[in-house]
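Labels A, B, C and D are assigned to the chains in the order they are written; within every chain, residues are numbered from 1.
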Amino acid sequence: MNNGGEPKGEARGKALPLDDVGRLVELLAESGVGEIRVRQGELEITVKAKLEAAPVVAPSPVAVPAEPRVHLPEVVVPEASVLETQAEAPSTNGLHAVRSPVVGTFYRAPAPGEGPYVEVGDTVRAGQTLCIVEAMKLMNEIPSDVSGEVVEILVQNSGGVEYDQPLFHIRPEA
Amino acid sequence: MNNGGEPKGEARGKALPLDDVGRLVELLAESGVGEIRVRQGELEITVKAKLEAAPVVAPSPVAVPAEPRVHLPEVVVPEASVLETQAEAPSTNGLHAVRSPVVGTFYRAPAPGEGPYVEVGDTVRAGQTLCIVEAMKLMNEIPSDVSGEVVEILVQNSGGVEYDQPLFHIRPEA
Amino acid sequence: MLNKVLVANRGEIALRVIRACRELGIRSVAVYSTADADSLHRLLADEAICIGPAHPSGSYLNIPAIISAAELRGADAIHPGYGFLAENARFAEICEACNIKFVGPRSETIALMGDKVSARRAAAAAGVPVTPGSDGPCRSAAEVKRVGAEVGYPLLIKASAGGGGKGMRVVHSEGEVDAAYASASREAGAAFGDGSVYAERYLEKLRHVEVQVLADERGVTAAFPERDCSVQRRYQKLLEESPAPGLPEGAREGMKKAAASLVETLGYWGAGTVEFVYSGGEFYFIEMNTRLQVEHPVTEAVASVDLVAEQLRVASGEGLSVKGEVPARGHAIEFRINAEDPRRGFLPQTGPVEFYNPPGGPGVRVDSHLYAGYKVSPYYDSLLAKLIVHAEMREAALRRGARALDEFALTGLDTTLPLHLAILEDEDFRRGGVFTDFLEGRELTGDGAGLPRLAAVGRSPA
Amino acid sequence: MLNKVLVANRGEIALRVIRACRELGIRSVAVYSTADADSLHRLLADEAICIGPAHPSGSYLNIPAIISAAELRGADAIHPGYGFLAENARFAEICEACNIKFVGPRSETIALMGDKVSARRAAAAAGVPVTPGSDGPCRSAAEVKRVGAEVGYPLLIKASAGGGGKGMRVVHSEGEVDAAYASASREAGAAFGDGSVYAERYLEKLRHVEVQVLADERGVTAAFPERDCSVQRRYQKLLEESPAPGLPEGAREGMKKAAASLVETLGYWGAGTVEFVYSGGEFYFIEMNTRLQVEHPVTEAVASVDLVAEQLRVASGEGLSVKGEVPARGHAIEFRINAEDPRRGFLPQTGPVEFYNPPGGPGVRVDSHLYAGYKVSPYYDSLLAKLIVHAEMREAALRRGARALDEFALTGLDTTLPLHLAILEDEDFRRGGVFTDFLEGRELTGDGAGLPRLAAVGRSPA
């Protein structure tokens, strides 16, 4: 059933310029162009790229193969984390997200009864503590990694946070 | 899986360069490109990958959802039946395939010892008996459904044939 | 042992037989219609042959094509699966005449048990309780009235050649008999080409319980733990379990002994199922299916037996590997996953399966011909997959079933998956022993927790 | 019963625990790294929480993150699966300190059995035969020579903290001891942070046979039919079966009794495995794994037990549902399907799974976290799926295994599937009882009949 891949089209008379086609295909794949057509006298070769639907947006850091062979359409999984990931996309509005480097409990103030580190509207500097995330009784002070204005605080005081969860939206200084 | 070891057209002469088509298909599958077209003199070969998001061509009357969500590339599985299907496509070379309407044993002659109904090169008329396919002791005379020249006999005498298997290639009268 | 078996069927049951053949070292020949060129049974068999067009009348019901295919490929036996030609006595007879072993009982046995009136008589002769009713066909409305006077109303008029609820009428009083007789007879004639009907006492609040049997040509028989198939929709089974929950031990034993007695009386061989109704503490013979059933895997699970392998052994002239009353170990449930939308009147669904990831883990078996990209065609029945779960206790099997249904990822078509999840949440069902009217008028909807999530996997960026 | 269990693992074993939780009505919390955001264990658990970056040191080995996640989500227990933190005594201790039930034995038991020298002593104290060798660590090459003089050569030098063949050296004569001692100690120090080694008689032509045990906190114990795990590659098990083929009844019984005795002596609780080498008619203790094993499903198949459910029951303070010597029913084999190309030196494979269709039908179980489109990442181990087959006899299980492997459709990555098919065709393996050097120098290639066909399905027009 498999055709063994052996070329066996000998007795055909004038052989097809398959090596040329192969090179064109390679060229197409490497170049990323949409179509290549060659005509020379009687001979004409056309090589076209596959039409993609919309580009697939891969949120994960895993490399997407150059030629994805299985195309599943992009459907938003209705789960909080995914929605958050989209919400904090720095894309259009130029906001920067400060994310939690640890799993734990989010506190806005250094200790109960004290005032919060920052409020919406405050201007902060890179390195300035924004909050605490407590994990196993360890108080991790979370610094801002940019200077700018605190636009949004994304987690409620004493709420749980995951690794890499956005905590603050900061509009970086121009 | 094995296709029953049926002869699938070795006596083809210079009919269709299927091996080249096979190689082009492999090339298409391996490369992931969208389309390959080769034309040489009278000959033209076109191999296209499935267009993303294009309506699936469904041979069955089943409704296809407007947005097919899983896209596997269209790759011709190198199996006899598929290649045959291509070979007999009335497309480029204008050959017509007479197919078996029943499962059974193929006989070229009305009875053992007698001469065959037709030979390659014979001109036949629509309705003229080309062969017999025997199923359960029943001799089914298979008529040609076109008038024209017998170009190829695709099955050996007393070979088994499946339903819908091409038996003869006829070049229809102009 | 047989050398080469042609499997005269398609879908999951063709796969089931092909798998058994491979495990026994028997070559398998798949037959397929042009609509099934891409189906797994074609791809997994050792050989395959196209036998006709999409419509079953030209392919899977085409006796000359199938026999011819068997002769071409040198098959020494044909396994008919279920449905199609599995209970066609003429087909079995033709196989016998062509010296091809038909994997099933003798053609006369099929014919005898295929007619409801003669089957009823055979059961009664074997001492198996039958529903009070007419001895043979009722040739007039008057005869039906005579039966009514004897056994009482309500009365059920049934087609002799019947099945699937066709040609069936419930009659509550003598005044309704004339009209019901006429319409049942007309319907039976149209559906089966045989308008003869008979009448029996109509039982209410009944359960459908059946006994799987096996017998070899030497007269060795085996009767297996009973299956409860009461969860039905329009006489179509949807969910089966074994053992039957909460059945009195006496009834259980009685059915198994009755089934064994019938099998012995008939000189039966191969696999078969004796179906009973259980109502008000009593059981009565309904019919015998002279073939493998869709729901055979629940018996395989609780009895640790391979019924298809046993069928092939019997057809080879070898003896059964089990005998007598085979005990049950644990509890098994089968869920039929059909291409039907339970939220829209079980509307049949066709088209491509987009994403497919069946459940795994302990105590889970899936029999299915699906794969991602497979197109469900409108020509054949709607069964896509059977999920069978097995655990030590019924309660654990129910939970395992919910777990497995919940993670059964199948998108592109609506199926009965959510209905099964809803059934498992139903209190009456959980308690066990529901009647055949269980699904009627019940609002059963449910989504499970994992279903939508896993459906989403099929749509997430690959 | 426990209320909520955090599963401190990923891949198929995380799924296995999540499934057991769901079947027992326990809520499950999955933890996942950023590389596992699309993984099934995240999607199938009741809750999920991201605990760190892709590299295991920041996520699945990150004790503070895991404990913090358990506290945040209010989990009352943590199941460690196998690998990662499963045999980390400190992790178990921290769980105990944080009032989170560690699903496994006490931290002291883990520590005791985690050190090969103390484990050896504990075994000897329980009357379990150990390989002739040093009583404790050998602190110098001279001590190794003393052992050599006593028990004879060849000798095996092993890391006390060892595993996976690291820090191991075979010494054939006294002249080789100095160099071997130095390099083994150096390697052990680098690999385990503990350079201490010990020496024992090196056995050849050996089989790896192990006994699964369970014990609850009330002292009830159970020992299961032995598993044969001799088919290995570089000390990595590839295929396991139960019972061990062709083992003398005395050895079988002896191992089970020895394992039970060790468990009782230790006051062990939870699931564990006592590993033995079997050589020349004798068996000797190697080590005890104080956790669930990858190959636990073969025992589940032959003993009709749910080992993970039993673990959770024990952790809940409930009693075992089995005890004593549990008998085997039939024969089971597990095939590890790894993302490694057996034709190219077992080169690890990464990237997306293109087409995935696991086998079904009777006697087949698949435990896997795969789905079409899932990306196999380079960060974690290469196990993609476990295929477990069960049949009444070993020969039938072998045939069922070949059938199921043959129809296991998995494209996009090269795997050990063809290797397993080749193993099943090997005459020595079919006869049973191969030694651990079975795979060495053997040319095992095979494709099966169905594999390429089914791969083609994944590429056929959808």
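Here is the rule we use: a residue touches a chain if its C-beta (ideal position, glycine included) is under 8 Å from a C-beta of that chain, and two chains touch if they have at least 3 such contacts.
Owing to the predicted nature of the structure, the values given are computational and were not obtained by experimental measurement.
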*Identity of the chain that, by mean CA position, is farthest from chain B*: D
*Higher-contact pair (C-beta pairs counted), B-C versus A-D*: B-C
*asked:* Rounded to a whole Å, what is the gap between the Cα centroids of chain C and chain D?
replied: 41
_Distance from chain C to chain A - Cα centre to Cα centre, in angstrom_ = 50
*CA centroid of chain A to CA centroid of chain D, Å*: 36
_For chain A, give me the residues that contact two or more of the other chains._
1-2, 59, 68-73, 75
*For chain D, which residues are shared contacts with two or more other chains?*
38, 352, 355, 372-373, 449-450, 453, 456, 458, 460-462
*What part of chain C is in contact with chain B in the complex they form?*
34-35, 37, 42-54, 59, 64-65, 67-69, 71-73, 98, 350-352, 354-355, 372-373, 375-378, 411-412, 458-459
*asked:* For the complex, give me every residue of chain D touching chain C.
replied: 15-16, 19, 22-25, 38, 40, 43-44, 46, 297, 300, 304, 306, 321, 329-330, 352, 355-358, 360-368, 371-373, 391-392, 396, 399-400, 402-403, 406-407, 409, 449-450, 453-454, 456-458, 460-462
*Would you mind writing out the residues of chain B in touch with chain C in their complex?*
1-4, 56, 58, 60-65, 68-70, 72, 81, 102-105, 135-136, 138, 160, 162-165
